[in-house]
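One structure, pasted below without further comment.
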Amino acid sequence: MNWESPAAFFAMGGYGFYVWGSFGVCALLMIVEPIMANRRRKDILRSLRRERLAETLDTQ
Amino acid sequence: MSNNKIINWFKYASPQSFYPVAGRMIPWFWGLAAIFFVVGLYISFFVAPTDFQQGEGYRIIFIHVPAAWMSMFIYLVMAFWAGLGLALNTRLSSMMAQALAPTGAIMAFLSLWTGAWWGKPMWGAWWVWDARLTSALILFFLYIGFIALQAAIDDARRADKAGAILALVGVVNVPIIYFSVKWWNTLHQGASVSLTKAPSMATTMLWGMLIMALAFWMYSIAVALTRVRAIILEREAHTEWVKELPEVKQ
Amino acid sequence: MLTATALSCVRGERRLFAGLDLAVGPGEWLHVQGENGAGKTSLLRILAGLSPAAEGEVFWQGEPIKVLAEGYRRQLLFLGHHGAVKEELTPLENLTLAAQLDGTALEEMAALKALARFGLRGREDLNVRFLSAGQKRRVLLARLAVRKATLWILDEPFTALDVKAVEMLSGLIVEHVTNGGIAILTSHQAIPLPNGKVLKVGT
Amino acid sequence: MLTATALSCVRGERRLFAGLDLAVGPGEWLHVQGENGAGKTSLLRILAGLSPAAEGEVFWQGEPIKVLAEGYRRQLLFLGHHGAVKEELTPLENLTLAAQLDGTALEEMAALKALARFGLRGREDLNVRFLSAGQKRRVLLARLAVRKATLWILDEPFTALDVKAVEMLSGLIVEHVTNGGIAILTSHQAIPLPNGKVLKVGT
Amino acid sequence: MNAVMAIIRRDLLLAMRRKSEVLTALFFFIIVVSLFPLGIGPETALLRKIAPGILWVAALLATMLGLARLFAPDHADGTLEQMVLAPAPLGLLVTGKIIAHWITTGLPLVLLAPVLGIQFDLDTGALGILVVALLLGTPLLSLIGAIGAALTLGLRGGGVLLSLLVLPLYVPALIFGAGAVEAHISGLGAGGHLSLLAALLALAVFFAPWATTAALRIALE
Amino acid sequence: MNAVMAIIRRDLLLAMRRKSEVLTALFFFIIVVSLFPLGIGPETALLRKIAPGILWVAALLATMLGLARLFAPDHADGTLEQMVLAPAPLGLLVTGKIIAHWITTGLPLVLLAPVLGIQFDLDTGALGILVVALLLGTPLLSLIGAIGAALTLGLRGGGVLLSLLVLPLYVPALIFGAGAVEAHISGLGAGGHLSLLAALLALAVFFAPWATTAALRIALE
């Protein structure tokens, strides 16, 4: 165990700004990217469903 | 027997059968990624000792190096799939290449970003025109070029083929660029810190980096598979099998 | 003899035509008809080997055109919507350069004659950019009088032409066909040509 | 009432026409005829105020159009050889944007109706670059159904249109004219329109 | 005013549709800037010295690259004719197009410049001056560029001719723009340069749309 | 071989007809090079130091500027279709076009570069190396550029996209080209750089026409 207190952990020996700056952006991108990828699939699925609905309406 | 295998292979090479397979694989890769991330981050922050030269700042290495490795590795894989798609006209492999590009670009960006945020405390500058940094930057441009080219072409088949040519030309060029930059740099290089001369890494650090690299790898596979599923749906939107999918019918 | 079997063409998610067969032999000409957007241009481009068919195959003298490649292209003259006419060059230069591209030398006299035949006397040395819409088309069509090719594929050759030019072009096509050539063309206008086969594209 | 007196047009060293007079009043339409290169397009551009005449003057309701400027342009709809249609946009967007440029708002419903009238049902959201030659022209012509203008100047409006579209367009023109509009157009094809004035350009 | 907004919205829509167009002007800027260290060598002190000049020249080239497409597509497909024939005065419509051009090419450059400045090791103060100078300078570039674009419209080899016409006119913007940053770095105030830049901009705002309109009319005759 | 000559002659004729095109690529080169002293300031020692880099970057940008027009006009007016349908193999015709492009844009730069080099106070030896490096490098730029031009053919915003694709690939040419001159100036031999440049050129001669042809076929489908 390297850290005496949570505060020491966040301070990162004076390098907190840089360490969290890089880990933060990394985490952010790695959260946003999958969400965007999933959203892309959701969007196309939604439009497919809408199309299907329109088709069933057409045939009625 | 071997005949059977070929048939199987082709079966999974069609978007239709790959779509559900990918769907089933994604959670596994997420699971693996999560495990490796937890272990890797634990080692990065709690096991790996403080570096006697760089203090705690060096912990950036645990994401910096995996991101840099992945950015290069993904480019190779992407070019491989794109080339396969061009040669054999297999739609799925082209889709795979297209799905990998944004992830690769993000990895390249992360290696630049984390490097810059490392460089500031270590070298006192966000950026120096070092060979490795510069070639990472150019790699990022190559990704962006690939993505922009495909985005600019409306016809999916044409986008695949044009992208493949670009990716292949890029593969030939990446080593050329790398060595030219290296040579350019070493001829002039002044005082900036040389990475290769860094003190040999402690084994825990090495382990941490390797496990984090595995985590990045699993993560990339999971995202790329998610994205390729979206691409399959977009491209095959008009086909019967897509219309018959449970997700669509519900 | 140009034949095609079970051609189909897909654009976007739209199937323009499917299961289309055709056969045109020496001395015959084919009028491809259909509404706007039916797929006539798409068909002609497939026949010329410019774009691949979604399904089906095109044959020239019984061989797939993909296999023949250069052998097919030597026999073919394709004129599309676009002129392949350079605005910065004069009609005479345009004609000469087109011939060079085809790998044949064209004497100045022959070129001048062809241009005169298409009513461009006095415009031989004027940059094409200054010509009227119809005159630009005429420059393009002058290639018909100059190039030796068995198979003509012409997309809307009659657009922008006045009555006299339409007659002249028809005459040229008739001459070509009676000499054993083949012509495939589209046109929305009624055309004064006898005995054509007709192919309807689209539903 | 559009009148012009003693118009002449010079291109290069060539005098295309000279001393040309014309007068078209409400409820009339004018068919400008002439061979390829006679100067029809040049005339229409002069009438629209796009290029100046070498001599002579064009009047709208008795006033020179140069003086009227905006007042004339509000009444005018000019469709030339070029489509003014953006390939990157859909037919619907093209129509809406053209209306905005004219300073009028166009409701989506009205735009969709106009497009449907020109047989573009199902293509409203497809980029124009994918449309066939005739469909591109139809997008352009849909403006006729949408824009309120007294004077229509149309250069070769029938090119690339199939039979059905030609009929529809003729119907639209007849409607416009019988409602007191004015139409001036060129066409090499025979057009199914009654009672037109004819103006021959060129020698 | 309505017409101006309509034109701006239309051009932005077109830019979005051509997606790549906005992004790539930006990337051109980035890439050109990055080429210089490759050509010159990696010495930080040297690079810091030439940074303002390089950033400005790159901004100038990036703006210029898109200029050829300011009126050309509208000319080719007849939209420009329709704009001349539209009821709204052509001058207004042209102003709208210039504003849209700046939003799609100039503004992104302004926003990105500080990041590139960091690569050349500029300090925060210099970065601030750089942004202000670009904020005044890029609209100027768009305005002057529009005149050139209109003058070369439809000419053979227009794109290259355009740069020939426009680059000399860009020189004052370049001198005062890069000069402002350099003056700051060398401890002199940047104020004088910046106010000259602002004066040029004011001049161009009044003058350029008018000249552009006149040039367009000539091109269309 | 005949077909190649015919294409070259045709493209040169067109270039002459559009007169401005050849001259303006050259003028662009001159102007870009002259902009730098304006942006950076007049110190001779500094300018001499950055001269090879600036000359090379300018040459690179000047080459790139004309690239968009390498295939685009032929594509727009249907000539490219006719080239695909011509009896001669497309690869040969493409090679002809690339050669013509080099003659009209690369060669003039090579000839003019020494004059500009003098302005930056380079000595005779350095000027010689500069010319040799450009002589090897500019064909390389044309060859690589042709691939990019073919890939972006007919795309929206193609011109800017093209530069995005091509500039990163130009990096080795830039490094070895500018490096040769710098190496000479700093007393190291330029031989290594030049032979690497020649090797790259040889690679490109074999590879680029093939890739370009493939890209063109895709664009035309």
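For reference, chains read A, B, C, D, E and F in written order, and residue numbers begin at 1 within each chain.
The rule we apply is simple: a residue touches a chain if its C-beta (ideal position, glycine included) is under 8 Å from a C-beta of that chain, and two chains touch if they have at least 3 such contacts.
Treat the numbers as computed from the prediction; the structure is a model and nothing was measured.
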Count of steps on the shortest touching-chain route from chain B to chain E? 1
For the copies chain C and chain D, the interface residues, called same if over half of the numbers are used by both and different if under half, are same
By number of C-beta pairs in contact, which chain pair leads? E-F
What is the chain whose Cα centroid lies farthest from the Cα centroid of chain E? C
Between chain A and chain E, what is the separation of their C-alpha centroids in Å? 36
For chain A and chain F, what's the span in angstrom between their mean Cα positions? 43
Mind checking the centre-to-centre distance between chain C and chain D? Centres are C-alpha means, answer in whole Å. 29
Residue ranges of chain D touching at least 2 other chains are 81, 88, 130
Taking each residue of chain A in turn, which ones touch at least two of the other chains? none
Residues touching two or more other chains, restricted to chain B: which are they? 141, 144, 148, 152, 181, 184, 188, 237
In the complex, chain F touches chain C at residues 2-3, 6-7, 9-10, 13-14, 17-18, 73, 76-79, 81-89, 93, 220-221
Listed in rising order, the residues of chain C that touch chain F in the complex are 48-52, 70, 73-74, 76, 78, 80-89, 93, 97-98, 100-103
Which bits of chain D are touching chain C when the two form their complex? 11-12, 34-41, 81, 119, 123, 126, 130-135, 137-138, 156, 159-166, 188-189
Complex interface listing, chain F residues touching chain B: 147, 151-152, 155-158, 161, 164-165, 167-169, 171-172, 175-176, 179, 182-183, 188, 196, 200, 207, 211, 214-215, 218-219, 221
Please give the residue numbers of chain E that touch chain B in the complex, ascending. 18-20, 23-24, 27, 30-31, 34, 37-38, 41-44, 47, 118-119, 121
